[in-house]
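Order as written gives the chain letters A, B, C and D; numbering starts at 1 within each chain.
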Amino acid sequence: MPLISSGSKGVFVISATPFTESGALDLASADSLTDHYVAKGADGLTILGMMGEAPKLTQAESRAFAARVIGRLPDLPVVVGVSAPGQAAIGELSKAVMDMGAAGVMVAPPGSLSTNESIEAYYAQVVETIGPDVPLVLQDFPLATNVAISNGTLGRIFEAHPSIVMLKHEDWPGLSKISALRDAEAAGRRRTSILCGNGGLFLPEEMARGADGAMTGFCFPEMMTDVVRLMTAGETERAHDVFEAYLPLVRYEQQPGVGLAVRKHVFASQGIIADARIRSPGAPLSPQAVAEVETIIRRQAARLAHLS
Amino acid sequence: MPLISSGSKGVFVISATPFTESGALDLASADSLTDHYVAKGADGLTILGMMGEAPKLTQAESRAFAARVIGRLPDLPVVVGVSAPGQAAIGELSKAVMDMGAAGVMVAPPGSLSTNESIEAYYAQVVETIGPDVPLVLQDFPLATNVAISNGTLGRIFEAHPSIVMLKHEDWPGLSKISALRDAEAAGRRRTSILCGNGGLFLPEEMARGADGAMTGFCFPEMMTDVVRLMTAGETERAHDVFEAYLPLVRYEQQPGVGLAVRKHVFASQGIIADARIRSPGAPLSPQAVAEVETIIRRQAARLAHLS
Amino acid sequence: MPLISSGSKGVFVISATPFTESGALDLASADSLTDHYVAKGADGLTILGMMGEAPKLTQAESRAFAARVIGRLPDLPVVVGVSAPGQAAIGELSKAVMDMGAAGVMVAPPGSLSTNESIEAYYAQVVETIGPDVPLVLQDFPLATNVAISNGTLGRIFEAHPSIVMLKHEDWPGLSKISALRDAEAAGRRRTSILCGNGGLFLPEEMARGADGAMTGFCFPEMMTDVVRLMTAGETERAHDVFEAYLPLVRYEQQPGVGLAVRKHVFASQGIIADARIRSPGAPLSPQAVAEVETIIRRQAARLAHLS
Amino acid sequence: MPLISSGSKGVFVISATPFTESGALDLASADSLTDHYVAKGADGLTILGMMGEAPKLTQAESRAFAARVIGRLPDLPVVVGVSAPGQAAIGELSKAVMDMGAAGVMVAPPGSLSTNESIEAYYAQVVETIGPDVPLVLQDFPLATNVAISNGTLGRIFEAHPSIVMLKHEDWPGLSKISALRDAEAAGRRRTSILCGNGGLFLPEEMARGADGAMTGFCFPEMMTDVVRLMTAGETERAHDVFEAYLPLVRYEQQPGVGLAVRKHVFASQGIIADARIRSPGAPLSPQAVAEVETIIRRQAARLAHLS
C-alpha cells in the first residue's frame, strides 16, 4: 500500500460519499465513483473530508466506507480525514484506517484555536496521538475552520514534525501563501507537498506559484488532472484554455452549501452514483439550480469541443 | 424509568465524566460521582453534555458511560446530551440511551444555523429523527453554540413539537428571556420546564423570574439544591445568603476552559473521583489556580459555618 | 436630483475612493473615475461602501468625497453608504448627503444582531433616525456583516418601511433568495428593487432569477452594463458569452483583501486614477499578483476581440 | 499634564459618557461624574472606551467630551480610547487628545486580525501613525474584539515599541496570562504596567498574580480602589472581604449589554448624572432588573456596614 510523502504530486480527488435513496451508505456507488475518479486520472483519493459528509456518518459507517475505498485501490494512495473534537477519536480512526492500508490521514484544526502557539501545540498533540510514523496532511482551510495559520506557524509545525508531509492548501485568498511557503523552502525549510483545494478555482495560478497539484472535489476531475498535467509540462496557455472552459461550473460549485449538491447531481445524472441524496442537514438542488447547472454544462461541452 | 416532562423541577446536575490517570473512562468513579450528586440532593442528572467532555468520547465510550449512570439511577431521571453534526448520529444515540432508560435527550443547535427559520427547521428535523415520543430538551446556549434563539422562535418551536418539554436556559444575559417566556405562557403558550445553566451564576434571580430549577454542574451541588429549595419556599433572603456564600467559587468556575478543571479538582481532592484528568485538548489546574481555589474554598467554608 | 425607487434598474457601480501617493483623498481622480463609470454605462453610483474604504475615512473626508461625486453627477442617482456603529452618526451623515443631493442611503446591519427580531428592530430604528422620506437601501451581505437575514425577515422589514426601496443583494449563496423574494412579491408582497453584489460573480443567473441589475464594483464596469442589458433584452446566450469573457478576472477580484487592490491597480494602470494606493490596513498587489492580473487581462482582451 | 508610564499603578476608572434625556451629550453630568470618580479614589480616568459608548459618538462629540474631562483633571492622567477602523482616524483623534493634555491613548485590535504576525504588524502601524512619543495602552479584550493575543506576541510587541507602556488586561480567562507576563519580565522582558478590566470580577486574584491595578468601570469605584490598596498593602483577607461584599453586583454588572445600563442607573439614582439614558442601540434597565439591582445594593450595604 503506498504512503504519501513530501514528494507527492498530482490530483487527489476529494471523494463524495454516496447514499441510497433511503439514506443508507451506498457502497456499490462508492465503487463506481472510485472507478470514475481513477478513470479520469486521479493520482489518489481523499475520503471522509468535509465535502464527504464525514461528520454525518456514524463511526461504523466511516470505517465501512474507508475499508471499501481503500480495498478497491490497492495501488493508489488514499488519504483519510480523521478530524474530530477529541484526540481519542482521532487516534482510534487513524489507527483503524492505517491498518486498512490508508496512505495517510488529514487533520484540520478545531475552531477553538486562536493563537499561533495554540495551533502549534495542537499539531504536536495530534502527532503524539497518531504516532510519528503515520503520514499526516495538515488541512489549512480558514473559511471553514475559522483558524488562520500563518506561513511562520506552518514552518514551525513542519520543522517540528517530519511526519507532516503535505499541506492541503485552502486558505482564501491563498496565492501569496504558496509563494511564501516555497520561498521559505528555498531559504532552507524542509519541503512539504502542497495540494490545493477551494474546488480548483485558482488552480492555474496555484500551480504557477509552486503547488504540487490539487486536492479537491470538482465534479469533472478531468479538469484538474488536465490542468495539473499541462501546467507541469509548461503548457501554460493551454492549461488556462482548459481551466476557463470549466470555470463557470467551478464557480457555481463553489457556492457554500450548494456545491456538494451540484457534485452529486452531476455524478447521479451521469449514472456514476445511484442517487444524489445528501444527508440532513443538507438539501438537494432546486429545479432552478438544476436548470442553471444544465445550461452551464451545455455551454461547457461546446467550449470543450471547440478546444480539442 | 422516569421520563422528564414539562412539569419537571429541581436540580439536574450536569455530570462530569471521570477518567483514570491513563485517560481511560473511569466507571468506578462515575458510580461514586453519581452517588455524590444524589447525596447532595440532585433531582436528576444530565450526562454527555459539553462539560461532560462528550465530544471527546468515542461512541462506544459514550454508550458505556450512559449505561452505567442510567443503570445506577433506576428511580431518577437521566437526561443525555446527543448533539452531533448529523441527524444519523443523533438518532442512533437517542435510540440507544432511551432503550437504556434515559429520561430524555438534549440537543443544542449547530453553529451553522443563522436565522429563526433555520433554527425552527432544525428542531423539526431532530424531532422527526428521534421520534415524537422521546422527551427532548432544547439547549439554548448562545455563548457556546453561537446561535441566538429569540423568545418568539422558542415559542414556535414549543408549539410545533409537544415532545420538547424542557428548555436548558443558558442565554447570556438571559434573565429577561425567562420573564418573556413565562409571560408568553401566561398569554396562552404551552408551558415548558425551564432549568438554568451558566454554572448557577444567576440562580436566585433566575428562580425569581420563573425558572423551575437548575441544570448545571457547579462543583458544590448543595448550593444549587439549597437555593432552588429556598427560593421555591419563598425564603428569598436566606437563598441569597446561601448563594452569596458560594458566589466567589461560582464566579471562579465560570472561567471558560478553567471551570471543568476546577470541578474535577474539587471532586478529586474530596476523593469523589479518582483523578482530575481532563482529556486533551484541555489542561489541568496550574499550581497557582489550585492555590486560588483553595483560598476560595477556605473562605467559603467559614461563611457557611457562620450561616448555619 | 434623482432619487432611487423600488423601480430602479441597471448598474450602480460601487465606486472606489482614490487616494494620492501620500494617502490624501484625491478628488481629481474621483472626478475622472466617476466620468469613467458613466462612460461605461453606469446607471448610478454607490459611494462610501465597504469597498470604498469608507471606515478608513474621517467624517470630513467622507463628506468632501460625497459632495464631489454628487456634484459631478447632477442627473444620475448616487447612493451613499452610511453604516455606522451608532444611530447618531447614521443620522448625521444621511442628512448631510441627502442635502447634497444623494439619491438615497445604504445601511448594512451591525454584526451584533443575531435574531430576526433584532434585525427588524434595527431597521425600524434606522428609518426613524433618517426619516421616512429618505430612500433606503438594505445591504444584505452576510459574509461581511455576519448577519443572515431570511426572506421572511426581509419581507416584514419591507412591508413595515416603504422607504426601503432597494435590496443590495449580496447573500452567498444567494440565487435562491432572489427567487424567494420575487415569489413573495408575486404572492402580494410590495416590490423592491434588487441589485446584486459579489463582484458580479453570478450576474447572468441573478438576472434570470429576477434581479433588476447589479450594484458592485468589478473593474470593467462594461461587463456589468453589457450583461444586464443583454439579459434584460432576452439575449441570454450572448450575455453568458460576455460574462464568461470576463469571468477569470471576476473570480480573481473576488479574493477578499485582494479585490480592491486589483480594482485600483487596473484603474491606475489605465490612467483613470492617479495612484493605486489603499489606505492602511490594506496592501498593494504583489508583483506576482500584478503578473497574474496582466495575464488574465491579456487573455480577456483576446476573448473579447473574438466575441465582437 | 501627567503621562502614563510603565510604572503607572492604581485604578483608572473607565468613565461612562452621560447623555441628557433627549440624547445629547451631557457635559455638566460629565463634570459631576468625573468628580465622583476622583472622590472615590481614582488614580486616573479612561474615556471613550467601549463602555463609554465611543462608537456611538460623532467625532465632534468625542472631542468635546475629551476636552471637558481632560480640562477638569489637570493633575490626573486621562487615557483616551482611539480605536477606529482606519489609521487616519486613529491618528487624527490621538493628535487631538494629546494636544488637549491626555495621558496616553488606547487601541484595541480590529477583529480582522487572525495571526500573531498580523497583530504585531497592526501595532507597528499604530505606533507609526500616532508617533513613538505618545504613550499607548494595548487593550487585550478577546471577548469583545475576537482577537486572541498570546503572551509571546505581547512580548514581541512590547519589545518592539517602548511607547506601549501599559496593557489593559481583559483576556478571559486571563489569570494565567498575568503570571506569564510577569514571569517573562522576571526573565528579562521590558516591564509594562498591567491594569485589569472585566468589571473587576477577578480583581483580588489579578492583584495577587502581579497586576498593577484596575482599568474598568464598576459602578462603585470604591470597591476597586479599596481592593487595590489592600492587596498592595498585603491585607489579602481584608481585600477579599471587601471584594466579596460587592461581588453580587460585580457579577450582575458583567452581563453583556446590561452592564452599562446598570452603571448608568446606579449613577443616576444617586444623582451623580442627570439621566441614565443609553444611546441607541442600547436599552435601559427593565423594571424587573431595577428591582434586582436594588435588592443587590440593599444587601451590599448591609454587608458593608457589617464589615466596617
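We take it that a residue touches a chain if its C-beta (ideal position, glycine included) is under 8 Å from a C-beta of that chain, and two chains touch if they have at least 3 such contacts.
In UniProt terms, the chains line up like this: A, B, C, D = L-2-keto-3-deoxyarabonate dehydratase.
Not measured: the values here are computed from a predicted model.
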Can you name the chains that touch chain B as well as chain C? A, D
Remotest chain, chain A as reference, centres from CA atoms: D
Per the C-alpha means, the centres of chain A and chain D lie apart by a whole-Å value of 47
When the centre of a chain is set as the mean of its C-alpha atoms, what distance in Å lies between chain B and chain D? 34
Cα centre of chain C to Cα centre of chain D, whole Å, reads 38
Taking the touch rule as given, give the residues of chain A at its contact with chain C in the complex, in rising order. 172-173, 175-176, 179, 201-202, 205, 208-209, 240, 244, 247-248, 251-252, 255-258, 286, 288-289, 292, 295, 299
Okay, in this complex, where on chain B does chain A touch? 23, 53, 55-59, 61, 84-89, 92, 110, 112, 122, 125, 129, 279-281
What residues on chain D touch chain A, complex-wise? 114-118, 142, 148-150, 152-153
